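First chain A sits with chain B, and in the next complex the same chain sits with chain C.
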Partner chain A sequence: MIKPFKVIKVRDEVDGTITIFYTVAKSVVEDGNTQSISTRVLTSHTNVPRTDNMDFDMIVFNALEGTGWL
Partner chain B sequence: MAETFYAGDKIRKYYAKGDLSDLEAKEHYESLISAFPWMTQKDFVAISTPVLHPVLHENFVSCLLPVGQKRVLFDSSIYCAARKFDIENKKSYIRAYKILLEDEVPSLSWLPSGSNILAIGENHAEFGRACPSNIETFKDYYFSGDSDLIESHFGLERKRGEYETYYGATCVGNQVFEIKQYCYDSQQFLSDWDVYAMLGRREREVGIWGHEDLNGDYETAIQALMFKNNNSTI
Partner chain C sequence: MSYGFLSLNNNNQVLVSSDTRNLHFIQKISSPIETIYSTDDYGGIRQWKYRATCNAIPLPFFTMPTADSYGIARISDVGGGLWDIELLRTGTSGGYPELYIFAEPSATSSADGYGMIVYADDGVTPVFDSRLKPLVVVGGVTVSQTSAVRYNGPPYGLSSDNCSTGPATSGGVFTPEGINTYSAAGINSIAKPIYSYNSIAQAEIMYHWSRSQRDCTGFDVYGGCLGYQTEKFWDSYYWCFYRGGIQIISNNETLNATWMPTRFNCYWNFREDSSFFGIGTGGGGGADGTWPYNNETLNLSGNTVIIANGARYD
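Take a look at the complex of A and B:
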């Protein structure tokens, strides 16, 4: 299963939540010109309540979907 | 048009971004984007017309990923990658085109003598995306060779590009399901598989850009391209 993002670190917070740090990259064709391609990289995090059996990849996927990064 | 492939009665055309007017690009991408709203025109450098897959039995549109996205998803063994879309069922997967090292080239009983395996197409599901069943059951082998011999070996109609012709075989195990004839009428960004294979293999062997032997191979590859260009009938 391939994906353009990677979970870097997961941190337990004192308030019972967890913070997931991740990086994601995307390459796009600029202005319809195949000679002009740029790759952007984002490092960010998302904070969610702690639950059992958390799927960190799915949490990151859901956080990124609809943002243009996936 | 970047490429035309023939597989029996089936024809698929591949268009680079620059081949399409704004209106044509919109038409080609519109049905895809309506079925896959997470996709944009900027995600790809080329798009194909739909064609029936011989193993999956659904129509698929292929979209070539920018080289940068290939690097995001794969290591250096993958030379390029395309996303395959089943619009009807809203499913997709990634085809990765792997250039093989000399000791990785498989011995294939169905391959005509004198043919050269240039790449293998391997299929991958993407995290979070609906994927067709059975994509792991087949592979595509891409090869070059004597066109007369290959057409005769597989009982193919004569189909030739004015500039270059290559071949693909979709296989389940050792059984060939379909032979595809890829035709290029002029030299452009998809038309020189033999050169891409030479460079891709050397890149894998050396591992990093700038190695003195690698530079030598680039010169050889560029000379090969110039030779092909000068001897083209175009």
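Take a look at the complex of A and C:
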């Protein structure tokens, strides 16, 4: 699967968590017309406790799973 | 100390000292003079302005009659011994919290002919006056808000087109989640708890939805357009601004450090380009709304909540 999101920034927070900022995109055909293509993009973030060897992509994937973006 | 007055308790803790400014009860304010901001969106936001008469810097305490979050947003000197105190509260319930104002004794006076006054080393400035009601602190806790107001971004949902979801109806995706919980053991044994808490922590969340759409009215060849093509770009920036608050859960005697939504809005822009066989034929666009702040959380250092018993001053 081509990854539809991109981590754009990771910020360490003072309370031992990290905030991961990302964009996620999705292309859709408007009203069944293949000559009208929309690309929808969301810029958002997720916050998780800091641990060793964090996989940021997997954290974002888990955050987006079931939301309609993947 | 060669001169002055010092009173200690059994644990050598200072009760009254001529070297410190002891706080005394100045006045109780039952209702605000103005509602600065009120909405039932986003779970309810209330911002009230109370006015105190006080000849020194006031320290306000407030009651928390509901399970909502509260915090002092601002204290400002408006001149003539008047101070405006802004209080924030979440929720939609009616009624107002009461304010109890405390300040050093020079802020007020008493006509009572009996009592004891302790002056500072200048011999003029009163620092304790038994005729007034001194502030008795019955509890306190240092609190701080979570770094994250929300832990996850919003699901697929708000419109990217001209903020058309509406900032008021996008409140669900901004509902604060971050709570730090502290013990408030014994709070239920205080007849009428009143709290001093300044809302210092601030946060902002912004979600940017965008969309681009390409319409080809000619021939679509391998993703390219032979003929007339339009491309449209929409951006909507939904945002919410938060202040730190406190909330009492009396069932289990805990105090929560919470986030309170205080303002929200949305900014959008739109642009359009068109071309004919790759040659630009014009474009346009527009923008409106209120520009957001930046995603950020500020002032998370520990902040003291002081608890007193308002029944002593009623």
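Basically, the second predicted complex is superposed on the first by the 68 of 70 C-alpha atoms of A that agree within 3 Å, B and C clash if a C-alpha of one lies under 4 Å from a C-alpha of the other, contacts with A are read in each partner's own complex, and residues count from 1 in each chain.
We adopt the following convention: contacts are C-beta pairs under 8 Å (C-beta built on N, C-alpha and C of every residue); 3 or more make two chains touch, one makes a residue touch a chain.
Everything numeric in this text was worked out from a predicted model, so none of it was measured.
*Asks:* Judging by the criteria at the top, classify the pair chain B and chain C on chain A as clash or fit.
*Replies:* Once both complexes are aligned on chain A, chain B and chain C fit side by side.
*Asks:* Once the structures are superposed on A, label A:10 by its partner contacts, choosing first (chain B), second (chain C), both or neither.
*Replies:* neither
*Asks:* So in the superposed three-chain picture, is A:30 touching just chain B, just chain C, both, or none of them (first/second/both/neither)?
*Replies:* Both: A:30 reaches chain B and chain C.
*Asks:* Looking at the overlay, what does A:44 touch: chain B (first), chain C (second), both, or neither?
*Replies:* second
*Asks:* Report, please, how wide the angle is at the C-alpha centre of chain A between chain B and chain C, in steps of 10 degrees.
*Replies:* Apex at chain A; the opening toward chain B and chain C is 160 degrees.
*Asks:* Between chain B (first) and chain C (second), which does A:65 come into contact with in this model arrangement: first, second, both, or neither?
*Replies:* A:65: touches chain B, not chain C.
*Asks:* Counting only touches as set out at the top, which of chain B and chain C does A:54 meet: first, second, both, neither?
*Replies:* So A:54 meets neither chain B nor chain C here.
*Asks:* Kindly classify A:2 by the partners it touches after superposition: chain B alone (first), chain C alone (second), both, or neither?
*Replies:* first
*Asks:* Determine the nearest approach in Å between the Cα atoms of chain B and those of chain C after overlaying the two structures.
*Replies:* Checking C-alpha atoms only, chain B sits 5 Å from chain C at its nearest point.
*Asks:* Going by the contact definition given at the top, which residues of chain A touch chain B in one complex and chain C in the other?
*Replies:* Chain A residues touching both partners: 26, 30, 34, 37-39, 68.
*Asks:* Along chain B, where are the residues that touch chain A in the complex?
*Replies:* It is residues 16-18, 22, 25, 38, 40-46, 65-74, 94, 124-128, 189 of chain B that touch chain A.
*Asks:* Name, in rising order, each residue of chain C that touches chain A in their complex.
*Replies:* Answer in residue numbers: 144, 146-148, 150-156, 160, 207-217, 220, 295, 297, 300.
*Asks:* Residues of chain A touching chain C in their complex?
*Replies:* Per the stated touch rule, the residues are 13-15, 17, 19, 21, 26, 30, 34-48, 63, 67-69.
*Asks:* Considering the complex alone, what residue numbers of chain A touch chain B?
*Replies:* Residue positions touching the partner: 1-4, 25-30, 32-34, 37-39, 57-58, 61, 65-66, 68, 70.
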